[in-house]
Structures are given as structure tokens and as C-alpha cells.
């Protein structure tokens, strides 16, 4: 009896162990199932590089280039802000901060990571957007720049915590060796610690930016959502994610618009897949 | 010759500045929301339904909806996640399959939240015909928080010393008895931490519930898991962007309730982890 | 081969063990007699602990583990004995005192509970009996519900012996049981071992050659995974047949 019970439990454990593979496959499958139909209406090239997105005109124009560029622009802006600040903060926490401050800072970063994106979007709307509007004297503060700044805050917790881990896992002997040669702490960080942790830091940056590309609510609330090819960072843009979130509610199940939004989902899925697999390779580089 | 210690002082100053650039805004965000949201908080705000096109009244249905969704997500994700973690920590060998599982978990954690929404729509709402319902939303959120629960539980299980397992096995206990009576009890704080973090995440996410459950305005409470429901994060989105002329107080109040809920969960998780790290018996 | 006691407990024939490509045990043949203490000595990495963990199949926890040859417990291949039952019969005391994170009482009761359900009364009697056998009862009888980690090192190790006795073993494997203990605690553990010999068969792996000389009926000397010499303890220490045994013992004495 005991044997049988344990056998059943162990089989159940194995099944659940495989569950994550099953769910990833299921997600991809259902995106494909719903999204692939769009290519009956528009060929993949025109879908990816078409310059206009008018999904409800007749016939609908389903080119997502403006959305891709919108996502890229916002992500690029967020990268410029979050990478230097995030990595610097990681170095400060890992190397400079005294032990107690360190714990407090780490908790603070964790809190930032926990703030729901809709709350950040709301705060961005009521504080950042008016600020951007008045500083640059533009008709609306709902711009790619506002989105970038807000998204930088969503990328930084990821960048800081993973980069900090990478710095922390550099063998102590490296540091001691550099100190023994008379290097200052800063020289040691710059010449020894950062290069030694570089693959982990790269992974941190990739994962942080991966989070930015996939971020939805905050972006939708503060970038203005104009599906046009952006010319400047001070213009409203529309990202891939915001398009899905904003339009799926109105799209009729089974329409070309519905299929097209799933196809956008496929694009996002592939991007996040590529980012995560590559980052994982960097993170586990040392193990092999 | 340049003084290396001066260079160090300057460099450290900039590192400190960067840290401030992250920490100060976080503090400001919390302070602003608390300061402007607190006046809105009253028993009536928490217990009343929204009225007059959500321009007055309370947020009770949204709170209840979020509690239902989170509960459903945990009921789904905790058993699967915990067993998956047990598989990875106790049963898996270092082979190709394990690498694929690890990669799948990493990817599951990285899938954009709005893509979870699409997936939930396609699978639960349309294909399985659950409709836009608490069931669909809970399952979608459940799959989304699965990686959090697996990863934290696995770490907790792996931090139980190998020697305890050897002792238990050497006394003739079976592998499952060893897991059940020795490994699991000692991993509970870590598993709890993961579960609470999962709850916090599920409570705060908007995109996955947009098309799977969330009701724009539903002034009564849901009766069954096949009903739609309001939810706090979606409600905040709606009153911030979709409904004009909502009193700022109500917006801040809603943001405060949501933020407090999520941060409270995280705080509890941090405290549990901290306490048990200090009290560890081995 | 020399025979003491009655009957053969373990019979090991042409045992080979690999961890990956490392050949940890090489062509070992040993008979272990019932109710004797076999001491296993040898330098670090000579394979003595690996040999010990073969007897209760604990090596199988390691990846890349490979074994050939025969290991028989009372003429039965240990791989055909249900593993929980084998480990109940062949108990083990580890190098460091390793109480489970439970109360003193539950540490002893744990193994019993894993094998069958018993009434509370019966369990309490069994726990008392085994704690007495390990000479620990008087010291802990008033604090059975306290955490086992509150005991001293020597007490913890005797608790671990009691825990092993509680499941009713026939053989007890000691893996350097005194390496973490002071001389007084060591003496107590050695006393316990000698008394336990009346009821059990004991295999003692030790780094301490003097300890082997004090308590072992027979002594086996391992080097680089090979069994160099096995004989009555006094013969090993007075007239070893192999130069390497002689060198090891002298080196340790000198």
C-alpha cells in the first residue's frame, strides 16, 4: 500500500517537473494557432515591414513596422538610462556600501521590482508626463521619452540584482590578488571585478531590457499610443505590447485584426525567447 | 601623477549618486501615493461599490475580485510549482532533460505579461469555452507565477543540507518519506516566501487579466468562478485612462490600496526570509 | 581467511567501484563475521568510506556511480533486498554528529516511525530502551522534547547511535565516528561500541590507528582502493605481512 502511494506521488512529481516545458509549448502553440491565420491576408514580409497599421480600415492594413520601431525606440531610451545607472548601483551595493546599508538598498530595489506596472504607469501619468510637457514645451507629454524613463525604472531592479549577483560571485582571490599588488579598491573594481563579472552583467542588461520590451501597462498609459513611425523621442509612439492590450478588447474573435494581434504576440514571444535563452547562456557560461 | 585615491573618491561618489537616482524616486513614488491616497481611504471606500460611472463610491468589488483571482492562481500554481521544484531538487539528474526544463522555466518567467493574456484568451476563454471568467483569469495568472514558485521553492529545498537526507535514508526511510518528513518541513520558510511573492505578483498584474476576466464596471460581486469580476489593477487603469473626470482622490486611493497590498506581501516575504536565515539550525 | 565468531554476515567478492572514471575500489574481497568489530584503516582517499557506504547502498546517491562484483548480506545479494529493509538491517553512524532538526525524542523515534506505525506508549518504551543502550538516557531523560542541537557533541553522537539502534539493525557501520570528538567523548563512544559488539556486527572506518587497535577484532588496511591486508588486529599491529601496512602503522605511531 505504502509502495503504491509513493509510486503515484513520484509519477505526479515527474509530471509536474515537466509542466513548465508543457506550458511553454502550449503558449507557443496557441499563439501560432490563432496568429498564423493572419498570413492568409498579409505575407510575413509585409506584416513585419509594412509601414501602416490600420487594422479596422477596409481592407485592413496590417504592417507592424511602426509598432516594432515604437518598441525599439522606447527600449533604446530605457537602455541608455537604465544600463549605466543600474550597473553603477550594482557596483555600489556589491562593493562600496556598508553591510547594513547594503541590506536596506537590496530591500529597496526589491520593492521597486514589486510595484505593479499599472501603478508606475499611473504615477508616470500624473507626475512625469506633465513634467516632460512643460520642460520641452510640447503639446503633449505622452511621448516615447516619458515611456523610456518609466521603463528604465522597471528594468533597473533586474539589472541591479543580477549584476550584483555576478559581482558577488567573482572569486575572492581575484580581489585579494589585486589588493596585494597595491591596487586601490576602485582600480580593483574597474580592472578586475567588472571584467570578471562581464558575462553576468551582460545577462543582467539583456534580462532587464527583455522586461522592458515585454512591459505593457505603464507603456500603454504614458507613451500616447500613436501607431506612426516615430521621428523623434518627443513624439507619441505605440509599442507592440500596448497595441495588443489596447486593441484586443475590440477585436472580433476570428477576424483578421484578432489574428494580427496574435501574430504580434508571436513576435513578442520570439523576442523574449531569444533574449532569455541568450542571457541564460551568458549566465551559465562559467559552468561549462 | 594622478592620485588614485582621488579617482576612487570621485568614482565612488558617482556610484553613490546612481544609487540615489534609483532609491530616491522609489521613495518618492511611495510617499506621493501614500500622501495623496490616504485621505481617500475610509471604511466606505473599501466596502462600497463604485457609483456614478465610478466617479464616487468605493472599490469593494475590485478588492474582492483580486482576492478571488489570486486565490485561484495560488490553488493552481502552488501544488504544481512545489512538485516541480521537488522534481528538480530531489529527482532530476544533470542531463539534457533537466537543462530543457530549466530553460523552459526561464522562458516562462520571461514571457511578456500581455502574451499571457493572449494565451489565456486563446486557450481558456475561446478554446476551452470558459469565457471571460474568474476561472480563465486565475489559470492564466497561475501559469504566469509558476516560475516564481518553482524557482524559490527549489532554492529552499536545495538549501536543506544533503547530510539530513543521507541520515534519513540510512535509517531505512524511503526517498519520499525523506522528502516528506525531513526536506519539506525544513524548506517551508523558503516555499512560503515564494508563494507570497507569487501572490504579490498575481495581485498586481493587469495585462494577463485584460481579456480573460476583467470587467470594466460590474457593481455586484461574482457568484461563481464562471463570472467576470473587477480587479484592482484593471480598475486603476480604467479610472486613470478610460473614464474622464474621476476625482484624483479616488485614483490615488485605488493606487494606494493596490500598492499597499503588493508591498505588504513583499515585506512579509522579506521578513520571513530574514528571520529564518538568522534562525537556521544548521 | 581467519575466522572469529559464528557465521558470515557480509561476503564481498571482487568488488569494484567507479565514480566517473575514478576507480575508487579495486577488486576487494572481504568476509565480515557475525558479532565482530572490523576496523578499516588507511590514508585519506584510500576508499574506506566508499567501501563502508557500499554496504548500505548509500553510494547510489552520487551521480556517475558504477559498481561490479558481489555484495551479499547473509548469502543474499544486497541489490535484491528492498532498500529500506537493507538500510534498516545495516545502520550507519556518520563522521560528524548529525542530529536531524527535530527534538531528542523525535530523532530516535524517526526511524521507527518510518518503518511501521506504533502506539505512543510502545514508541516511548522503545525510545527509552535505545537511549539506555547508547548510555544517554540518564543525561537526557528530562529534556526529551528539546532540540537535539542543544546537546554536546559527544551526546549528539551517542544520540545518533541510539537513533540507529532504534530501527533494530544487525550491522552498524561507523564512519569515523569520533573525528569530531574530544578524548573523553571518544572513550565513551568506544565503550559503547565494544558493548554493542555482543549484539551487533560492527564495521568501523577510522583515521585513528590507535582506535582500530583498541576496539577492532580484525583490521583491514586499504590503500588506493585496494585491500592490502586483512587479519586479526593484534597480528596486523605486531606482524603485518605487507610492507605497506607496516609503513602506514609505523608512520602513524612514529
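Residue numbering begins at 1 within each chain, and the chains themselves are lettered A, B and C in the order written.
The rule is simple: contacts are C-beta pairs under 8 Å (C-beta built on N, C-alpha and C of every residue); 3 or more make two chains touch, one makes a residue touch a chain.
As the structure is a prediction and not an experimental result, all values here were calculated from the model.
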Item checked: Smallest count of steps, each to a touching chain, taking chain A to chain C -> 2
Next item on the list: Name the chain with the Cα centroid closest to the overall protein Cα centroid.
Entry: B
Check: Quick one: which chain's Cα centre is the longest way from chain B's?
Finding: C
Next item on the list: Any chance you could check whether B-C or A-B wins on number of contacting C-beta pairs?
Entry: A-B
Item checked: Distance between chain centroids, defined by C-alpha means - chain A, chain C (Å) -> 55
Check: chain B to chain C: how many Å between their CA centres?
Finding: 48
Margin query: Could you work out how far the Cα centre of chain A sits from that of chain B, in whole Å?
Written below: 17
Notebook entry, point to check: Going by the touch rule set out above, which residues of chain C reach two or more other chains?
Noted result: none
Note to self: Can you pull out the residues of chain B that are in contact with at least two other chains?
What the structure shows: 174
Next item on the list: Enumerate the contact residues on chain B facing chain A in the complex.
Entry: 4-5, 7-8, 11-12, 14-19, 21-23, 25-27, 29-30, 32-33, 79-84, 86-88, 90-92, 100-119, 121-123, 126-127, 143, 146-147, 150, 174-176, 200-201, 203-207, 210-211, 233-234, 236-237, 240-241, 248, 251, 255, 258-259, 262-263, 265-266, 270
Check: Tell me, which parts of chain C touch chain B in their complex?
Finding: 56, 58, 61, 63, 83-88, 91-92, 94, 96, 98, 100-101, 110-111, 114-115, 147, 149, 160, 163-164, 167
Check: Mind pulling up the chain A residues that touch chain B in the complex?
Finding: 2, 6, 9-10, 12-21, 23-24, 26-27, 30-31, 33-34, 84-86, 88-89, 91-93, 96-97, 105, 107-112, 114-123, 125-127, 153, 156, 160, 184-187, 189-190, 207, 210-211, 213-217, 221, 241, 244-245, 248-249, 253, 261-262, 265, 268-269, 272-273, 275-277, 279-280
Note to self: So in the complex, the part of chain B that touches chain C is made up of which residues?
What the structure shows: 93-94, 163-174, 177, 181-182, 186, 281-282
